[in-house]
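Below, chain A partners chain B and then partners chain C, in two separate complexes.
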Partner chain A sequence: MSNKHSSPNLNTASYLIDVEPVEKIISVLVLSLSLAFNDIRNTFTFTTILFCIMCFVYVSIPSIKFLIGRMYVIIPFILFSLFLPFLSKSGSIIYEYKNISIYQGGLFEMSNILLKSTAGVAMAVALSSTTSQFDIIKGLERLKFPKIFVSILSFALRYISVYISEFQRIRLSMKSRGFNNKGLSDSRSLAYAGSAMLIRGFERGEKVYSSMIARGFDGNLFINKKKWNKSKLLYFLCSVALITNIISLSL
Partner chain B sequence: MKGGISINNLSFSYPDGTKALNNISFKVVEKERVAVLGPNGAGKTTMVMHLNGINDIQSGTVSIGNEKINTVNLKKIRKNVGIVFQDPDQQLFMPSVYEDVIFGPKNFGFTEEEIEKNSKEALVKVGMYDHKDKSPHHLSLGQKRKVAIATVIVSNPKIVIFDEPSSNLDPSSRRELIDIIKSLDSTVLLVTHDIPLALELCPRTIVLKEGSLLCDMATNEFLKNDLLMREARVELPFGFELHHEIHHIKNEDNDLLNHKHSD
Partner chain C sequence: MHVPDGFINAPVSATAGLISVGSLWVSTKASNKFLGDKFIAIAGMMSALIFVLQMINFPIGAGTSGHLLGGALAVIILGPSLGIVCVSIVVIIQALIFADGGLSALGINILNISIVTGLIGWFIINTWKKIFGEKNFSLILGSFVAGMLSVVMSSVAFVIEYALGGTVSVAIGSVFIAMVTSHFLIGIGEGLITAFILNLFLKVRSDLVFISINKESRHKTIHLKRILIFLSLSLVLLVPFASTSPDGLESIAKEFSFDNSENTAILLEDYSMPLISNNFISIILSTILGVSILVVLINLYLNLTRKNP
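On to the complex of A and B.
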């Protein structure tokens, strides 16, 4: 019994959707860190790890369009990295036109940032398209994250939509009484609305806790243990990334 | 554990000194349905919180079946006394309907087979089995309230307490709620401002006012007593014909009351 296929953002066609979330979280960490600790100039190791990441992303996402549609977050990194060949004055000059020079070191740094940020975000998209938010939190619990931290994350996720709806209702009631949020004096009203939300949040927290102890709560929030599959592919990809790293370090 | 309730001289004050309950005493026999009426701030919810051990007993005693509530038997008491809270968002805090429903039985130590069987039965009973994998936030208020009921009846409690169960419900959801409550084989305590609901479901009514017990009598007798109703700040909905309603439910009430007396 599970809710793992209920979210519309999940790629139900991927076989990774039935894989233990802990394995996916660990794989993302291993592959990301392996890439982060390597440099593009270490070509063999870097491209091997990048290939492992591409495999992980490929089996997770339904289409390239799906991936691109969720990668807007890297746009600032791309914009920033595009200036690096001109600004980072390391290495030799490989091209010069009037007063503008392109440096080799800057080009490497640009490629590094571009590839690493793209790979990192793609992995995050891959993880979130095969694992629901709550399953990621449950995975963190299994990784022995503090229970209180996991509970807070879970409640935040469960109640964020409740608070957004509540704040929208407050905004609506403000608008219906002529509030139009134009200028500093109006932000005072918004601040009052925000503080009212905080007080309500505190009260709701107390009520939720009452209802939890009314049903015998004793500190364990996630008690529904689902049955997950193991993934040989993830073990393989992580092993390749780690072994390549070790070889690279020993050379 | 049996499903009777016995409250003796219960008093309670909040930390700021506000006296919420003042020497309340009454008894409810097993499988009886009793309405708890009273104006806002009368102490209805505060009293209800004592029945499940959420509020500590400061003065007086509260017994469920033959057991007085104390710190040792709290888990047993909570297993046998379920509360359906007024706001379903307060009750449904897990990622999915199913996980919310099994939260109580898991804590109370039910076996995996019992949990599977009870959760299915509870969700089918409230008509929400097809929604078991959904997030509670994506349900309508009526559906949330049904799930909230399932989270309580899944543990087969001897006593089910409803706090304002019909508030904000549309007529058809309200009717479904009434049918669910009628189908319960438990003692029911119904805290409400919905007089027709109390009249339809509960032959007996307890009225609280300013933390004290104002009266404890048959619901139809209370609703015929204008003076008492005014004192309790309770009134019938506009256009509500009490005599007709009583006529309709009279036989059911009599059956229920006769059953209690024969016990």
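On to the complex of A and C.
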């Protein structure tokens, strides 16, 4: 079990930390969608959007080490894409050595997946390192997401940390009783721990609901009073990405 | 299992996004109907818990380990609509806040991880309950099968999306074999864990388990049928992107030269309507026609075989 999910740390030194979350969410969406739906053979557009993304990531992260440490989720896909030039058989042969041959299409596909997936993950890391989880949800609320979804999301986020600490407590007590997770026969005790948590969670949900009713819950969860700044940089980056997209479409 | 950006092309990801938004809307409405306001608190708690349960790694053997997907478990314990909502919320949180899975592939991830596993798991456990009865032991065995097959079918769904709009030209056969065999192993672990969790649940709080308290399964299956019809109608949008090369049966027919299609007159040859020149619209129209014919036939069959009380 990794502890990385539980502590997404904020970069308080960043310039983007006080910028309104809606702007950050929209710019992340615009930049990553326009990169993901572009062809890598469109060199000019692709490099321009990539440069915009690098600017955004550079402004928001504290150090390269931090970024690399949080990008562990795409390691399997990077490994897969490194094998692509040998697997994929399209285009002309560039290099040949005995039985192994490298194809041009395979190289393009490798760089395509490598660049797009790393850029996407880096954008998400940048967003979550300058915006706290609840600010992201406030942003979603201002973007007119359905009210039900916003409230479920905020409940889920609030209780994730609670259940993580409870799960760590359970694991500690299991370890102290001599439990080691080795074979399939041990999955039984893991499952019992999980179901104990599920039962407690369901009962807790009912209690929380009745206490919410007691305090007069009417469906509205947020009262947002904080003053946010506006950022010219984000406007600039988004408009550059959109304009290059339009140019490449019209050509 | 989470698909990153740039793996599946734009039209297929957009269509998957539309499908998942539609089915999320339907299941939110349905769960709102049977839980009311309470739905918000319990759904939030349950998705937090499923998020944490996905962090439990279980060993599969040979030094690898998988983790729970939780779609079948959520559907068995919380019911089809609430289960699908909870797992989708988990996927959304992972994509937006924990950078797991690309933003442009969010629709694909929701479709694979929550909707396909949920629907398949619910279908299997419901039919199992009808065939083998409502005793605890049969429900536990059914949950093992449901957990295993839901993971396998989710990998199959990924392979289908890859075949429709993959940006990589690796042969589909090898992708299929790699994905399905690895997810078969993960599925065995998932099935075991689902069965054990349901076992303890049935012993301790059997009044919370949706599948065992749900007596009017007829009403719920009609609801499931609506979701299935909606899904098949929205899959229609995907059809024009499908490959235009002949499928397996046709190519075998050509190989053994019993391809007599020139001599027979078929109304909807190669899935296109006569008299309509636009390729896209004609393909969509003919698919809608096919789906509706199927639906009518199934309804006729159900009406004929229904016993009059």
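Note that in this section the second predicted complex is superposed on the first by the 216 of 251 C-alpha atoms of A that agree within 3 Å, B and C clash if a C-alpha of one lies under 4 Å from a C-alpha of the other, contacts with A are read in each partner's own complex, and residues count from 1 in each chain.
We adopt the following convention: contacts are C-beta pairs under 8 Å (C-beta built on N, C-alpha and C of every residue); 3 or more make two chains touch, one makes a residue touch a chain.
All values reported here derive from a predicted model rather than from experimental measurement.
Comparing chain C and chain B on the residues of chain A they touch gives the larger count to C.
Once the two complexes are overlaid on the shared chain, A:V162 sits against chain B and chain C alike. In the superposition on chain A, A:L29 contacts chain C only, with no contact to chain B. Of the two partner chains placed by the overlay, chain B and chain C both lie in contact with A:R204. In the overlay built on the shared chain, the residue A:G216 is in contact with chain B alone; chain C does not reach it.
When the shared chain is aligned, no partner comes close enough to touch A:M54: not chain B, not chain C. Contacts of A:S154 after superposition on the shared chain: both chain B and chain C are touched. Once chain A of one complex is fitted onto chain A of the other, the partner contacts of A:F134 are limited to chain B, with no touch recorded for chain C. For the contact definition in use here, the residues of chain A common to its chain B contact set and its chain C contact set are 1-2, 5, 154-155, 157-159, 162, 204, 208, 212-213, 217. Chain A contributes residues 1-3, 5-6, 132, 134, 154-155, 157-159, 161-162, 204, 207-208, 210-218, 220-221, 223-224 to its touches with chain B in the complex. Across the complex, chain B meets chain A through its residues 49, 52, 54, 75, 78-79, 82-83, 85, 87, 89-91, 93-96, 98-99, 102-104, 106-108, 116, 132-137, 151-152, 155.
Put simply, chain C touches chain A in their complex at residues 2, 4-7, 9-10, 13, 28, 32, 37-49, 51-53, 55-61, 68, 77, 85, 89-90, 92-93, 95-105, 167-170, 174, 189, 192-198, 200-201, 204-205, 208.
Looking at the complex, you find that chain A touches chain C at residues 1-2, 5, 8, 28-29, 32-33, 35-37, 70-71, 73-74, 77, 84, 87-90, 105-106, 109, 112-113, 115-117, 119-121, 123-125, 127-128, 133, 136, 146, 148-149, 151-160, 162-164, 167, 181-184, 186-188, 190-192, 194-199, 201-202, 204-206, 208-209, 212-213, 217, 219.
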